[in-house]
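Below is the structure I would like to discuss, written out as structure tokens.
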Amino acid sequence: MHFNPSIVIKISGKFFDEDGSRNISSLRDVVKNLSSSFRVAIVSGGGSNARKYISMGRDLNLSESYLDLLGIWASRLNANLIAFALGDIAYPVVPDSLEDFIEKWSSGKVVVTGGFQPGQSTAAVAALVAEATNSSTLIVATNVDGVYDKDPKVYKDAVMLKELTINKLKEILENSQSVKAGTYELLDPMAMKIIQRSRIKVIVMNYRYISSLSDLIKDNKNIGSTVIPE
Amino acid sequence: MHFNPSIVIKISGKFFDEDGSRNISSLRDVVKNLSSSFRVAIVSGGGSNARKYISMGRDLNLSESYLDLLGIWASRLNANLIAFALGDIAYPVVPDSLEDFIEKWSSGKVVVTGGFQPGQSTAAVAALVAEATNSSTLIVATNVDGVYDKDPKVYKDAVMLKELTINKLKEILENSQSVKAGTYELLDPMAMKIIQRSRIKVIVMNYRYISSLSDLIKDNKNIGSTVIPE
Amino acid sequence: MHFNPSIVIKISGKFFDEDGSRNISSLRDVVKNLSSSFRVAIVSGGGSNARKYISMGRDLNLSESYLDLLGIWASRLNANLIAFALGDIAYPVVPDSLEDFIEKWSSGKVVVTGGFQPGQSTAAVAALVAEATNSSTLIVATNVDGVYDKDPKVYKDAVMLKELTINKLKEILENSQSVKAGTYELLDPMAMKIIQRSRIKVIVMNYRYISSLSDLIKDNKNIGSTVIPE
Amino acid sequence: MHFNPSIVIKISGKFFDEDGSRNISSLRDVVKNLSSSFRVAIVSGGGSNARKYISMGRDLNLSESYLDLLGIWASRLNANLIAFALGDIAYPVVPDSLEDFIEKWSSGKVVVTGGFQPGQSTAAVAALVAEATNSSTLIVATNVDGVYDKDPKVYKDAVMLKELTINKLKEILENSQSVKAGTYELLDPMAMKIIQRSRIKVIVMNYRYISSLSDLIKDNKNIGSTVIPE
Amino acid sequence: MHFNPSIVIKISGKFFDEDGSRNISSLRDVVKNLSSSFRVAIVSGGGSNARKYISMGRDLNLSESYLDLLGIWASRLNANLIAFALGDIAYPVVPDSLEDFIEKWSSGKVVVTGGFQPGQSTAAVAALVAEATNSSTLIVATNVDGVYDKDPKVYKDAVMLKELTINKLKEILENSQSVKAGTYELLDPMAMKIIQRSRIKVIVMNYRYISSLSDLIKDNKNIGSTVIPE
Amino acid sequence: MHFNPSIVIKISGKFFDEDGSRNISSLRDVVKNLSSSFRVAIVSGGGSNARKYISMGRDLNLSESYLDLLGIWASRLNANLIAFALGDIAYPVVPDSLEDFIEKWSSGKVVVTGGFQPGQSTAAVAALVAEATNSSTLIVATNVDGVYDKDPKVYKDAVMLKELTINKLKEILENSQSVKAGTYELLDPMAMKIIQRSRIKVIVMNYRYISSLSDLIKDNKNIGSTVIPE
């Protein structure tokens, strides 16, 4: 028996907020292409829908855990939409924990997840999923082109880094208030810890280039920033 | 042992689209008040969020069943928000079928549900829930004041009916193209069938008056239209 | 990856009441034959066993929803028996909702279901299953040979219709009190709605000819009545 | 906090085969009466319905485990009917294992079960349930009046024993081919083992006297045979 | 479609107590080898960990059923470790009942289980699993070399039996107090009953020779004692 | 309706390793006493049993996520033992995620949990549980008397701090390599984040004084170190 190597794709919630169906359509094409030579797991963020429900929940004085759960369920709605769009190659039910993910992953299908638990980002979910599937690479598709040495919106001379170590990334995140929230979400402390302990390579890229993902993975095409788990 | 009588409140998805948290806050006050003398079940629609996901799914060529499921999951997100807002008096998990509802209902708590199944409206869900809980009354809180003999947006002389039989309602719905979609959703064929076979009284009211619901139920205050299951 | 087209077979509960094991044995042979070129879903009715439990429940004053649930559980017992008879080609657990069906269906196996929910017939279940599996054809195996223009037990000159539109069928069912209950169950309003919105072809046939089902499907052999979703 | 003592009632499947709804109605009255001072668990057999499905399964060459499962599901249908008949005092879902029973039992409601697992009788289920609920007494309601020293259908001089030790019962069961199957089912080896290790008293009685059960339990009224776990 | 024959391997809990990871590593090699031509199910005992928790539970006055459950959960921890060690060829979740086993078994993967239910040994679980999978052989890997005619620790002239009937085994177990507990656990009354009714051959062997298991099964190599279900 | 305030008790896994049943017995007495005026949640660590299985898993080259899962399951075994020891006042099933915890917590019973997810400590679980239950206090019962300004095993002049801010605690943990692992586990980064965002007071105490817990909570008795979420 031969088993394909695994890869994890983390999709920002913003992916669904504008041109959602077109974005998903591109993702579908890429994943169908990839799934002949890779096992693919997808982790979806919550986006504006998550923020809307969290905001209503905050008005109603819910605890932080409950607000996080509203965001998690919104992210699962996004995950469900991707799973349905993928059709027969995807597992049609979204897991609600890593244990549940592991069971569904054993089906051999693409598995799409949203959030797992309050107190952590979907980036941490993606790191957990990458670790549990023995994936050597985690793709983070978000709305920035990569990781910059400074906030590109503040500093004209900010430079996108083609490659950086995870410790360099930590330093950038800690030393700079102005770093983009979106980038920070990419790797919260739990995500960092998991990426380091299991030495997972992270590639941060803009989801506008999602249709190039297959080239990126198969041919090592040069897109976004690569974070090395030194 | 004494058991309180049961009542079912169907909330239109539009309830969440504008002033959502204020609407839910009013609902919370009413349900807390009611729950000392009634067992309360709440059924929530999907609203604009459901339509957004259904629209994306349609762009992606999903089957009608899958589109309905996206709408159902959106309605469950609304139901979850209500359940959390109600706090300890509510069951904190939203059921996904009538069988599941019956189990959660046995907890003695308020149970909040969204949709159950493709191919039926949340009005049908509300009718099923009313039947399973032996409720004699189903409140339908929507964005119209009641049932009109003609479409009030088209006919200046349209009259809101304080009371009508279910057969009269059928007649209005069948003979008029121009009846509001919102009103029609109120009672799809499955909802009609269940309401008739179990003789459930339906009160259609505007959710703007939700804070009067307690008066309506306890003191028979005159709000909306009453549909008699003759 | 290639995926076989799907087909749904609805089995009347009467199938189990007389010569049950012989009928199931024939069904097993047909499904084993079909499953090399089709994905097969089977929906089973409740039969006399459902009626027995519903009758006891009615004596005990249970609500209509609870009576329906007794019938649903009886139909699931029938479905379990079929699933076990099919052995390794079938999923060995009977789903209890469409969402559950979709998950089990993703296994690639034959999935056998009974009823899903109170307030609807197993014909509606079959229509939902056909829609969710993108099946273009739904076979209804019952104890009549097909759809007649009039009740054949009342009118000597009743004619079985080889082909009819779904609107013609509605007309027959609505204009005639005397139409057979068995035929009516075939297409309750929810089943009609789903068949129409997803344009599913329905073939009504006698389960006595179940062993010809493979010929019917593969070679378009002329059996029963075909209802066209015009 | 005060907790009522627990009691377990095992109902023979024959209970449902003739005058089923009247029998259940009597049981309902007794259990409602008992449930003010006892926590009550009920275990139901499968009866003729179980035998019908097992027979069909045997015609279809299913393995013994699968045949047992068909019988278990039939017994659960009986259990469901009892649970529904009891209404709000009963947990509305039938557990499918002892672990599941323990969870549902924690609700404080009457819990009704059918079979748990292939390879054991529902008497063994009843013994497990009695042990897990710390019940000192297990009532076995069947279609004989009690335990006889010899088969009363064969020997005119057979005597019903008001009281006997469990070892005496074993002796009767082992030394006599002609002992009634119904009596044997009462205590298969697993049931015996559990009753002995947890010192549970067993009362064998005719379900025709079910309406006297409350007197039997509360006032020690003299019915049936008592098996002492010496 | 071709389906491989099935085989069940029962692993004593002692397997994990000393050189656990080395033992599991050997088992992994054997099962990987076997799984190209057999479907494999594995049943694991609880070992010293089970005894530790049962002992604490007994100090705390838990009922026998609850003590058994602690042992069952300990055995499931062992089963989980085996399942994880096997990687992609195994189902990654341990079933908790025979019904659950049957569902997971339908995945086509190796399924690893611990205990199912209080009141029975993991040997009974293994017999049930063998019956449900239509396995003709059940391997019992324990810490003795096979079945002896007398207790080898007491009698110098005890002889290991290469082959014996199940009735001979019963006789040995019943007539001798001094038979090893480990051997007795091998076949408690429920296990015996199932093995007999479904005519399953049992091979008792020392788990020290686990790496020869593949030879034993494929080439009929002469290891341990064979119990014939005559 | 009145609802008691909630409190969370985190029990170190070492609690079970020596005098386990005596420790649990003391905990049982305290929780029974507390549960008349508080809702109590308990979170249990994994202890030596977790380390044993993690070590075997590491020998077998399992991924970090899978090793964490083995530890989580070991902690759940501890949690199960506590839940069973508590009897009727506790929910008899251990939840496996925060969502599951919330559902079980709605039963009104004491709920006992082990770990939830790989990548986080059971301290993070305890913080999540405290947040979700709106508990203002989290008790951490471990094998040290409290938080010291330096490692007491290295520095003779180490002083136990009666009260410190969470930022002071962070500083101690970061600036000192020699801080005890046990103390660090107390508050991993996720736990810190949750404690801060929801302003939960943490009391670190030695589980040897568990029988004084009731005094501590009700009378503010002076035990251990209090960490203020400033």
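Which chain is which? They are A, B, C, D, E and F, in the order written, and residues in each are numbered from 1.
One rule holds for everything that comes next: a residue touches a chain if its C-beta (ideal position, glycine included) is under 8 Å from a C-beta of that chain, and two chains touch if they have at least 3 such contacts.
Just so we're clear, the structure is a prediction, and the values are computed from it rather than from any experiment.
Identification of common neighbours of chain B and chain E yields A, C, D, F.
Common neighbours of chain D and chain F under the contact definition above: B, E. Taking B-C and A-E together, the pair of chains sharing more C-beta contacts is B-C. Remark: chain C and chain D have CA centroids separated by 37 Å (rounded to whole angstrom). In this assembly, the C-alpha centroid of chain A lies 31 Å from the C-alpha centroid of chain F.
Averaged C-alpha coordinates give centres for chain B and chain D that are 43 Å from one another. Of all residues in chain D, those that touch two or more other chains are 66, 69, 99, 107. Contacts between chains form some other arrangement here, matching none of path, ring, star or all-to-all. Pairs of chains meeting the touch criterion: A-B, A-C, A-E, A-F, B-C, B-D, B-F, C-D, C-E, D-E, D-F, E-F.
Within the complex, the chain C residues that touch chain E are 36, 88-89, 91-93, 107, 109.
Listing the residues of chain C that touch chain A in their complex gives 1, 3, 99, 102-103, 105-107.
Here chain D touches chain E in the complex through residues 63-66, 69, 96-99, 116-120, 124, 127-128, 131-132, 134, 189-190, 193-194, 197-198, going by the rule given at the top. Taken in their complex, chain D has these residues touching chain C: 16, 20-22, 24-25, 28, 49, 52-53, 55-57, 59-60, 62, 66, 69-70, 73-74, 76-77, 80-81, 84-85.
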